[in-house]
Structures are given as C-alpha cells and as structure tokens.
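Before any comments, here is the structure.
As written, the chains take the letters A, B and C, and residue 1 is the first residue of each chain.
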C-alpha cells in the first residue's frame, strides 16, 4: 500500500500503528489514549479484565468502530477512509460467535467468502480446506445450529481465514470452551502463527497469553498499564515464585503481622495470602518456623495473573 | 391440584399478556372497524347496488344488507385468525425460544396443566377479541338484533378453539417456527377467504361447496350467521351438525395438544 | 499469507457521491442476494408458498365476491367485471406485502436480533451495500411472485390490454418503494412489538386504498388523502396498465414510489451505520 504511512520511521513497518487511540461512548472513555504497534508476523495480545476496553480497541482495528481521537493505521491505511480495503485484508473472530444459522457449515464459509468477492469455486475449495483445518469436515453439510460451542468457535475462526487475511483479530477466542477444546484451538492458532499470519488477540486468561503471545499489553480501565513479552512482564513485575497460603476461615487477619518480612512482597486477598519471593520453598519453611499453620500451602511459578495483581491491585478474574 | 396448576399457567399467560395489553386491545378494536368500514360499508355499497337492494335488504343475501351479512361471518373468521396467531409462536416460545415450559414442569405443574392452561388462556383472549368485535358491529348498526349477535359470540370463540387446539398440538411437535408461514398461507388465509366470510358459497361449483364441509371455519360462520339472524329454528339439525363439527375439532385438538406437549416436554 | 492483494478499489468521486446519497455498490450488495438465495435453498417451501396467497385472494375476491358485485367502474370510468378491477390491485398489494415482509420482519431480525449485519460489516461490505443488496433480494423475490401472478391473471382472462407487459416492471417499482420504506422504518424499531406499527399502516392501506372498490365513494377530502397513500399509487398504476387506460399520471406514480424507496434506502444506510458501527 503506497499510502503515506504514519508508522514511525526506521524499523519494520508496523501492520497496526496506534498513537493516542481513544474511544468514547458519550462521555465515557472506553479506550483512553493508548499507543501500540504490531509488527508483521507477530502475535500480539490485549490482556485485561471485563470492561478494560479490549473489544472496543479490537473493533476500531477491525474498521467497524470510528476512532474518537488519536491515530490508527492498519496495513498503512486509515480506517476512517479505507475501511472496506482494510476489512478486505482482515480476518475477524468476534467475542460472540455470529455464524449464519440459516446455512450449513460449508455454505457459511463460501457465502462469507463471497463478501470478499472470492469466486464460488475458489471459495468452495478454501472452505473444504478450512473445514479440514478446523476438524469439522465430517459435519460440513449440517446446519450450524447443531454444533457445540467449541465447534462453533472453530468454525468462526475458519471463517475468518476464508479471505487469507494478513491479520487475524481474535476477541477472546477460547472463552467458554472446555480445557480440551481450548487446547485444540491453541494448537490451530499456533499453526497459523507458524504460517506467518499476524495474530492480534484479547484474553483474560494468563495461560492463554503465555501460550499464544509474543508480546502483549495489559489494559485496565481503557489504559495500557504494562507492555512486554509474557516473560519480561513476569520478570519486571513479579518474582520467580509465589507461595499461596490459605488460612482457616476467620484466622487470616490475625496471622498477617507474623508474615511480615518473610517475602519480597505480600498481597492479601480475601481468601488467601500471596507471598512473592525468588524461592517459594524458603518462604514456606519460614511460615512454619514462625509457628503458623495455614490450611494449605502452595508454591508455584508466578504468572501474568500476578503481574496483573501487582499492576492494578485487583485480581484478574473476579 | 391439577385445576389449581392449570390456573397457575393461565395466570402466567395473563401476566405476560399485560405487557402488550394496550397495543393488543387497540388492534382488536381497529381491525373490525377497518374491515367493517372498508368491506362492509365501502364494498357493501357496490354489492347492494348490484342486487338493487332496497329497504328490504339485499335479495342475493337473504334479505339483509351486505354489511349485516358480513358482520357475523367476519366475527368468526377474525377470531379464527387470532386463534392461529395465539397458538403458533407463543407455544414455540415456551418450548424453544425462551423455554419457560421447561421451567414450569420443574415445579408441581405438569405438561398437561400447561396445555390446558394455555388453551384456557387462548379461550379467554379470543373471548376478549370477540366481545370487542361485537361491540364494534353494534356501533356500526350492523346487527339486526343485538341480543342475537351476543349469542353468536360463544360460537365464534368455539370456532377459534376448533383451530387453536389442533394448531397448539401441531406447534408442540415443531423444532422451530419455520412451518408456521405454511400454516397461515395454506390453511388459515385460504379458509378466511373461501369459507363464506365475504360471500355465500351457493354460487360456487359443487366440489368447492362439498370441500367447505371440511372447514371448521365454514361451520363456525354458518352457525354464527344463523344465530345472529335468528334462523336456527328453521333448520336445527344443520345447526347441530355445525356445532358437532366444531366440538370435534376443539375437543380432538385439545386431546392431541395435551398428548403432544407431554411427549415433547417429558422425556 | 502476506501478499494477498486487496480486491477493493479506492473509492472514486462517483462512488463517493453515491455513498453520500446512501446508495451502496451493487457489485458488493449482490453478495447479500447470493446469501439469501443460498438460505432459501433450505426453506424453498416458504418461498414457494408465498406465491399462493395472492392467488387465493384472486379466486376469493375476484370470482367469489365478483359474483355479488358484478361490474364496477374501472379507470377512465369504463365498467369492467369485478375480477378485472380487483386483480391488478391484488398484484399491487401482494408486491407491497412481499416487500414489507422482507423489509420489516426479516430485516429487523437480521439487524437487531441475529446480529447478522454486524458480521457482514466486518467484511468489505458497507451499510449502504447491505441496504441495496437486501432491497435487491426483496425485489427478486417479489418479482417472482408478481410474474407468476401476472401469468395467472392472463390465463384467467383478466388482462385486457397489451400495456400489461409493463405491469411487471411497475410491480417491481411498487416493491422498491415499499421495501425501501419498510426497511427504513424497521431501523427505528426496538422490539418485536414495535413491528405492529407496520401492520397498523399496511392493513388500513390495503383495505381503503381503492383496492376493493373505486375511491370515488369517499367524500372529496378523504379521497384526496387516500390518493396520497403509496398503495393507492401502486394500485392505480397497475390497474391502468392491465386495463389499458394509460395516461401520464402513471409517471407521477412511478416517481412517487421511486423517491419513497430511495429515501428509505438512504435512511437504512445511515441508521445501520450509526447503530452497528458505533
């Protein structure tokens, strides 16, 4: 695209470029001036709790929601002017499946391809390929209605790829799926990434972000509160290990003063205490040495959940 | 126990109906006004003019004006159409769209109670519609006798139930509402037009007249008309035939509705 | 998959003007038609059954009622058999009903309930393309019915003039006007109950707009009011064409209905955009 791009000079031209990106609904700030760049081939995540502004951001990137203020360039183009041309090169998986329930699986893909002017025969060929990819080939002539939630999700993802998009936008791709279905999906998405498709996804699951994202931003209340690779975020905002203590109901408050000084940092949640330190076992031993007897003691590696807690003072999934 | 459960179902329907009460009453009122004005008065001028009808009414219509002829037939036919509407999508709603019937059978209410309570509610709705219709007819001065017209109301409601009950039974077997347009297009609309609502069937070919016997609407309209015109006495046997057909459809339909809904909900 | 090229050209000056008028691109809008045709492959019975309704009406009203009415004055004051009088009006009302069903119920479903248009908008199609494509589909569907109805009219000897050839495009114009208007109105509806307003507008029109008897029975003021309804425009136009009493007023009817449809279309494009592209 020979569009005078606003992408910051020098390095790899970014596929998506946002500066001061803002979305207002009336007087409410859903997205409050965020900056980010997504490079070609990258897998980029927006992580955040309900209402953080992830979907609002994704819809602006998808060129279906006008930007309230700031700059947004997608594939070098301005969504306000070149919406149709941008959408022609995106694949969109919305937060809620919106398949065409009046059609069969295969027809869903072919008809969706028609919206991109993909010829019937070519659409049919790609549809069959994608149904294989989504492991739905044996259901190709059934109505969408009869699919399970996980199957619908896979079909939505397959549909998003019918136009061989440069960028795939996935809004909470695995929410509501059982663990097995999630793993199948992760596997499919990982395959796409290997094939060079740029993935932009939102999630509130830490493990998902760790699995799928090269780089991510943590959003809260419309702002970006941290940015980096999953591991660098962990390194920056938490310790290597966490010791989780659960006390018998009603005794946690009394135990707190005794814990003082045992770890680098202590987070108190209503139902448990999180102790951050390089070596969780040492903390656990210290707890016992001070004569405390929690009901359970769990030593684990820290995750993005801990990052989020540190950044916002709130647990991610409340 | 069962009777009170049926009453609970009826209450539920009435409560839901309250939300749409105003719009519904308005159209129950507007509909007869429009039809009687346009077809009865407007078109009636041409019909009566063609038959050189005088003060003694239209000789082609047994001595009443077209408006008077139309009123009782349209009463029964309108109730029939409302019956079809009330027994299609609302039933689908309970089973498929919002699945409230499943919530009900998780309580002491049984599938049979749901079927009977719903049919009782439809009867009440149709009675409202028929009464409003009759009031409009009287306002138009379109009934030779107010008392006789009121006596035709139960016949109109029974005609409605002769459709509602079998249609509820049918709806209880459906996976979605896709078949309903066909019910309207192939059953209620043609019957509305061709069961003697707007014109006597006497002039039509014999096979058509014979086919009319299969239409509960035709029986309903014929009976409503003979009651409204005080003509039952002239052929009480025929009136009983009409009544028997209507009762057969309503009763058989009710039995089927109960059975189908039980099969559908209790698995 | 980098390198797949865009098939969507940059909007030029003409396209922009058209967009400002609320008219989409036919090349993109046609995909809505294709999708609808695909859907009806599964439910062809519904599509097919729509053809019977006007035929039942024609038999019942034209012949059954015709037996009571005899003949009435058609356009130009010539007495015609009642069936000849009522048939073109039924054609117009069936074109109206078809367009309104598609334009209000089906449109409302896809716009508010099903969120189908939201999906489509994430592809290169714009709200204007959707509006154009959906109206195009309503015309294809309505056109099939009109065609069938005209053939039946001709077979029954209810067509008395070669001008009736033009009744087909004229019926499409009726569908265009009502389809656009209905879709435009449907964008303002919030719940299914609101759709009752549609029948509150169409039933009186159907009964009163000179469909079943000549409008000269009305007092002058009422008659003029009724002649301003879009259905009267369609009925009068079709009646003049099938009976051959053609005059220049037909052009007025065509213009009226085309403008109605165009206004509807531009409302649809704007409202769909404003609602779904928020």
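Quick notes on this structure:
Assume a residue touches a chain if its C-beta (ideal position, glycine included) is under 8 Å from a C-beta of that chain, and two chains touch if they have at least 3 such contacts.
Just so you know, these numbers come straight off a predicted model, no measurement behind them.
In terms of inter-chain touching, the protein chains here are arranged end to end in an open line. Distances from each chain's CA mean to the overall CA mean are smallest for chain C. With respect to subunit C, maximal separation of chain centres occurs for A (centres as means of Cα atoms).
Mean C-alpha position of subunit A lies 46 Å from that of subunit C. Taking each chain's centre as the mean of its C-alpha atoms, subunit B lies 30 Å from subunit C. Rounded to a whole number, the gap between the C-alpha centres of subunit A and subunit B is 57 angstrom. Counting only residues that touch two or more partner chains, subunit C has 43.
Looking at subunit B, no residue sits in touch with two or more other chains. Chain contact summary for the complex, subunit B toward subunit C: residues 20, 23, 27, 30-31, 34-35, 37-39, 42-43, 45-47, 50-51, 60-61, 66, 178, 181-182, 185-186, 189-190, 193-194, 198-199, 201, 203-204. Residues 25, 40, 62, 64-66, 82-85, 87-90, 92, 94, 96, 98-103, 107, 111-112, 114-117, 143, 163-166, 195-197 of subunit A touch subunit C in their complex. The touching residues of subunit C, counted against subunit B in their complex, run 43, 45-46, 49-50, 52-53, 56-57, 59-61, 64-65, 67-70, 72, 193, 196, 199-200, 203-204, 207-208, 212-213, 217. By the touch criterion stated above, subunit C contacts subunit A in their complex at residues 1-2, 4, 6-8, 10-11, 27-28, 31, 34-35, 38-39, 42-43, 114-116, 118-126, 276-278.
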